[in-house]
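There are two complexes below, and they share chain A, which is joined by chain B in the first and by chain C in the second.
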Partner chain A sequence: MVTVTEAMAARREARTSGRRRVKAAPYLFVAPFVLVFAAFSAYPIFFALQLSFTNWHGAGALKVVGFANYRYLLASPDFWQSMATSGVLWLLVVPAQVLLALTIAVALRKARFRGLFSAALIAPFVTPLVAMAQVWIILFDKDFGAVNHGLTSLGLPAVGWLTTSVWAKVTVALLVLWRTTGYAVILLLAGLSTIPSDVYEAARIDGAGAWHQFWSITVPLVTRTLSFVVVIGTLTVFQLFAEPYVVTGGGPFNGTRTAGLYLYKHITNSDLGLGAANSMLLVLMVLALSVASIRLLRSREDS
Partner chain B sequence: MSTRTGSVRLGAAGRYALLIVAAGISLAPLVWMMASAFKPGGDIIARPFSFDAGRLTLHNFRAMLETIPIGTGFRNTAIVVVLKGTLTMIFCPMAGFAFAKYAFPGKRLLFGTVLTTLMLPTLVLLIPLLLEMSQLGWVSTFQALILPGAIDAFGVFWMRQVIMAIPDELLDAARVDGAGELRIFASIVLPVIRPGLAALGVLSFINIYNDFVWPVVAVNDEQHQTLQVMLSALAQNIRSGQLGADWTSVWGQLLAASTVAAIPVLAVFIVLQRHLIKGVMAGSLKG
Partner chain C sequence: MINSVSSPVSRRAVLRGAGAALVAGGLGACAPGNTTGSDPLPTSKSSTALSGELTIWDRTGDLYKVFDKAIASFTAKYPQVKVNHLAVDINAKLPATLISGAGVPDGAFYDDSLLTGVAPHLHDLSQLIEQYKADIAPYKLGVVTVDGKVVAVPWDLDPGLLFYREDIVTQAGVDPAGLTTYDALLGAARTVRDKFPQARPIHLENDQFLAQLWIDMFANQQGGAMIDAQGKLSIDSDPYRKALTWLDTVRSEGLGTLAKYTQPTDLQTQDKGTQVFVPWAQWFVFAPQQLLKASKGKWRAAALPAWQAGGPRAGVMGGSSFVIPAKAKNPELAWRLYEHLVFSKEGYTTVYGPNTVYPGGLNTSIPSYLPALDPNTPLFKPIEALGGQDLWKVAVEAGKQVPGGYAIPTWWGKAVDYFGVNVQKMLAGQLSPDEVLKTSATQIQKNLMGPS
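What follows is the complex of A and B.
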């Protein structure tokens, strides 16, 4: 009797310890992620939040100043100029990118040598940005650049690509478009590949032309992927740092000082409390834009 | 009927014309960079579009070697790519496995964290992370370059999708045979997801090799500078006139340095581009 209960207890213990081992396993597997995330993402974010309510400059005790940093930024023309610059870049990049990428992806869907074309299109995305930024500086130089060389040889006037604040935005936007459109094409191609071809077959039998097929089948069915492309584009533009940092340094006349570069300025000025507050505003902005673009495209999908 | 085939054929011609133009625009700046790096300084300005094989020179590359310690840049980048890439390729499938195949308390919260992290601008972490590094005494160290990005939310998310496709029966069969969870991960999950893992490897390599924002903030000394930071520093020296007013020869140096920095990643891309494109596509289908 005793031995039976002992055996049962032993078996129960074995079973629970076995179950415990299985239960511990998932935590073991997520542990590196949790540790790295806690140390280098969660902790810094909470620290930044705390910092955003202080006027800290990098040394000494934290002095709480309430919402002063936020009030300062929201009243600052520089802050709004940086946001507006990012907004203009968004307008220059994202609609053009969606249009170009969708056109190219539709063309690519039925083409031969798809692998070769895909590789060529995504090559700019792979090349180091800093290297390509140098090429942009040289190509778009007002006096000696190849682009103006080409324009003048066609009898067109030379453009101050990097010397006027309007054209500098265009130059940066062209770099972003050039680097990321191929990536968007590949994303859309993946979305297009999920559309069964008999849908097109049916439409063709009903007499739908190519344009009609595009609007009433292709576009609605890739809306999810399109919204993904828009969200990625929005995140890219509002986080834009390296492109303007290397190509224009934010100039001329702060014409390309994006939200990201303005944030960086607080670091170089050691205005860390202000910079942290600026970060928080940027997070809110990016989240709001992502949610808004997803909502907008989803509502189109439903209708 | 004949008009119809005509229109289809015209459509095909237009399609290929569009694709060839798009591919040409994608590649032209790269080709121009590499070709111009071998031109004598003055030609880059005077004849930007001509290419005369008889006038090619290595002058720009030699001058560039004298201006920046590009060997150190390569070494530092290699250290960061290998260590950070290895950690990413171990940690991401581990976390992905847990999210795909286990039910455990806190899973929803943790996975929600992964999804939120995907949306978080890297720039937001810049200031607090830099302060954390200085508290730890890690400014200008390899730890600072490697550890903060050792896990990547996209990688976790994506590995979860890949691992979810593995049938549970396969894992259960191994459990019946007495295999432990770690063993199941190492000898069943990892081999099965090899294609997805390869794509993650290519993407990670490209991202880490090209990374610029964090290295430029986290490193202040030349000893730990990565290739990309070095290249940007060279450009800034040129812009501020530190290398003299002879713009033409300096442009050649910049193009030579850019070419040298681009070639390793382009070589990897050309060899493994199938995996990369597959990886990008896999990432989007789930988005």
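What follows is the complex of A and C.
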């Protein structure tokens, strides 16, 4: 015979097991993502971290070398040159990209053929890079390129766009700008579309001019999108590989050897421990730059 | 509050468990172990009928099509063998594939200059090559030998030649037969410039990788290399000093065109006759055949000038070999295929002889297998783009003079960041030859070789 106490205990157990099923469900649902993330993101990160403390060259057992790779990189002029090159490219690309993209997005906001312009702007982003890079090489050739032809026909001196380390950075930056600004415009157009038109109407009634509206309404209300554009731009520049690889090969005199290109060198040289340490330092650098940029823009938003 | 709901399996526990599994299990299970790099590949039993399937990588482009035909001659001989022939960007893909061990081919075509970098991942072919050793060009045998083991099947030999614009040289009154030394070439360049003031007659290479390869050709011609027989750094030496001093003279006198190989400035100045002399590997012949328009048919090839009267008139620039990865599934079959392509008349004739891709034959290199180098039995035909010149004879005679005893150090590719870059600085007038050699030697010793 089942007692009242036993019946209550059975009901409590049933409730608990049901709750267990219910509580386990969320984990089951997210499990596929967690597994994929663990296999293709978390594991490679942990493995790279592990590798960064070894001198592994792709064959043989892992030999732990402590912080030797980090010490080597932090004392290496080549590493700092690559970081400096990426830093210069960041300065050449990101501020110009934000200004250009914002200007174009505001101009396009009420344009009649917005879709057509948007498609034209995104075209460089989806065009195969190698083809574009070859066009760049031909355009910027010192002796026979169209750019120098234009400059000399105006009485200006020819520029060594691809043969001097200073101008080669500018040439690569121009290519990156041309490729990626359209994407930033599309992002900003999406951001601008969230601003209610009555805000502008109220400002107009209060007598605000176009510049005042832009500076006091548009910029603060798209700050979050701008932050995103800056972060994406920062990631793009510090991972920059294909453009300098194809256009300049990292030259002249390693003048366009970006952080991404330097990292690639470790891989092709089978210096995988050193490469892993380099990528860890790169992550820290990009994180710091992104956080600083976001904070700068947030402070503008808050004010 | 959602956060306060008690859970039979806490989030922290889940994360802790997952983290522990990743770190302890994941890393432990997947961490790389020892590889079988440079395991000797035993001699195949010739009595066994060949059968099976293998995957081979070749460069993309026309060369792939040429090898495709040559592989067909192998499978016609061995119908039980199936060859999966893939066109791949090998330089970019092979090192990563060898390291990861995933999708490793049974054999691949690979640049000699990069060979030593992947040597630990390759089969030791010493026993198999032994029977052919005496018939392989000594230079090439040195290149495919790493730490005393033969790690690749030697393929092409790329002797350096002096390519020149015959029309311009003749108009300037220079006798090409007299270009027997580099001093004579310098004199000829001055004569050409006197006649054509716009001329910058001698090619100066503007690509840091190719420049290093190029200067190594000049050093090889003098019996020099970046390392000596004992493996010690020998870059700060007479062969390199002589070559760099000569190039610096060309630069300082305004006798050179600084251009990247086959980039717009290079092609335009060659077509216009501004650039007249190109001391380069045999594969330069590709330019007049495929890329140059106005000057097609006006180029000729001769042996390189000697660094001193009566000295060797040949050196090597570049080259490729066939590698068999240690993790290949069917290394024996790959060896048999490459043996057929390299060491059988049927194989090398199929590659170098006239075919549908190259009706006149493949003329950008010559075999490194000496029995194939008969001046009277050309594998490829005279070349229209060289005015009908018999390049085979010129290249074969140069190939036979190439000094041996050359070794490519494991860090050759990495040295481009130092030596290749410093050479570029010299060609831009920023460093002297001595500064290039001393700075490069210090940088290579410190960064690539460590304390000796």
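Criterion: the second predicted complex is superposed on the first by the 266 of 303 C-alpha atoms of A that agree within 3 Å, B and C clash if a C-alpha of one lies under 4 Å from a C-alpha of the other, contacts with A are read in each partner's own complex, and residues count from 1 in each chain.
We take it that a contact is a pair of C-beta atoms (placed from the backbone, for glycine too) under 8 Å apart; a residue touches a chain by one contact, two chains touch by 3 or more.
Source: prediction; values computed, not measured.
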Quick one: on chain A, after the overlay, do chain B and chain C clash, or do they fit? Just give me the call. clash
On the A-aligned overlay, A:Ile267 touches which partner chain: chain B = first, chain C = second, or both, or neither? both
For A:Asn254, select first, second, both or neither according to whether it touches chain B, chain C, the two together, or no partner. second
Looking at the overlay, what does A:Asp78 touch: chain B (first), chain C (second), both, or neither? second
Touching A:Phe67 in the superposition: chain B (first), chain C (second), both, neither? neither
Have a look at where A:Ile138 lands relative to chain B and chain C in the superposition and call it first, second, both or neither. both
What's your read, chain B or chain C touching more residues of chain A? B
Partner chain(s) touched by A:Lys23 [first = chain B, second = chain C, both, neither]: both
I'd like to know which partner A:Ala146 touches here: chain B for first, chain C for second, both or neither. first
For A:Val130, select first, second, both or neither according to whether it touches chain B, chain C, the two together, or no partner. first
Have a look at where A:Thr163 lands relative to chain B and chain C in the superposition and call it first, second, both or neither. second
Need the overlap of the two footprints on chain A, from chain B and from chain C, as residue ranges. 23, 27, 34, 42-43, 47, 58, 137-138, 144-145, 249, 267, 272
Under the touch definition given earlier, write down the residues of chain C that touch chain A in their complex. 7-9, 14, 18, 22-23, 26-27, 30-35, 37, 92, 95-96, 98-99, 117-118, 120-121, 206-209, 258, 263-265, 268-269, 413-414, 417, 421, 424-425, 428, 447
Name, in rising order, each residue of chain A that touches chain C in their complex. 16, 19-20, 23-24, 27, 34, 38, 42-43, 46-47, 50, 56-62, 76, 78, 137-138, 141-145, 163, 249, 251-254, 265, 267-270, 272
What residues on chain A touch chain B, complex-wise? 21-23, 25-30, 32-34, 36-37, 39-45, 47-48, 51, 58, 100, 103-104, 107-108, 110-111, 115, 117-124, 126-139, 144-146, 149-150, 178, 182-183, 186-191, 193-194, 210, 224-225, 228, 235, 238-239, 241-242, 245-246, 249, 260, 263-264, 266-267, 272, 275-276, 279-280, 282-283, 286-287, 290
Note which residues of chain B are touching chain A in the complex, please. 11, 14-16, 18-19, 22-23, 25-27, 29-30, 32-33, 36, 44-45, 48-49, 87, 90-92, 94-95, 97-99, 102, 104, 107, 110, 113-114, 117, 119-132, 147-151, 156, 180-182, 185, 206, 209-210, 212-213, 217, 227-228, 231-232, 235, 239, 247-248, 251, 254-255, 257-259, 261-262, 265-266, 269-270, 273-274, 276-277, 280-285, 287
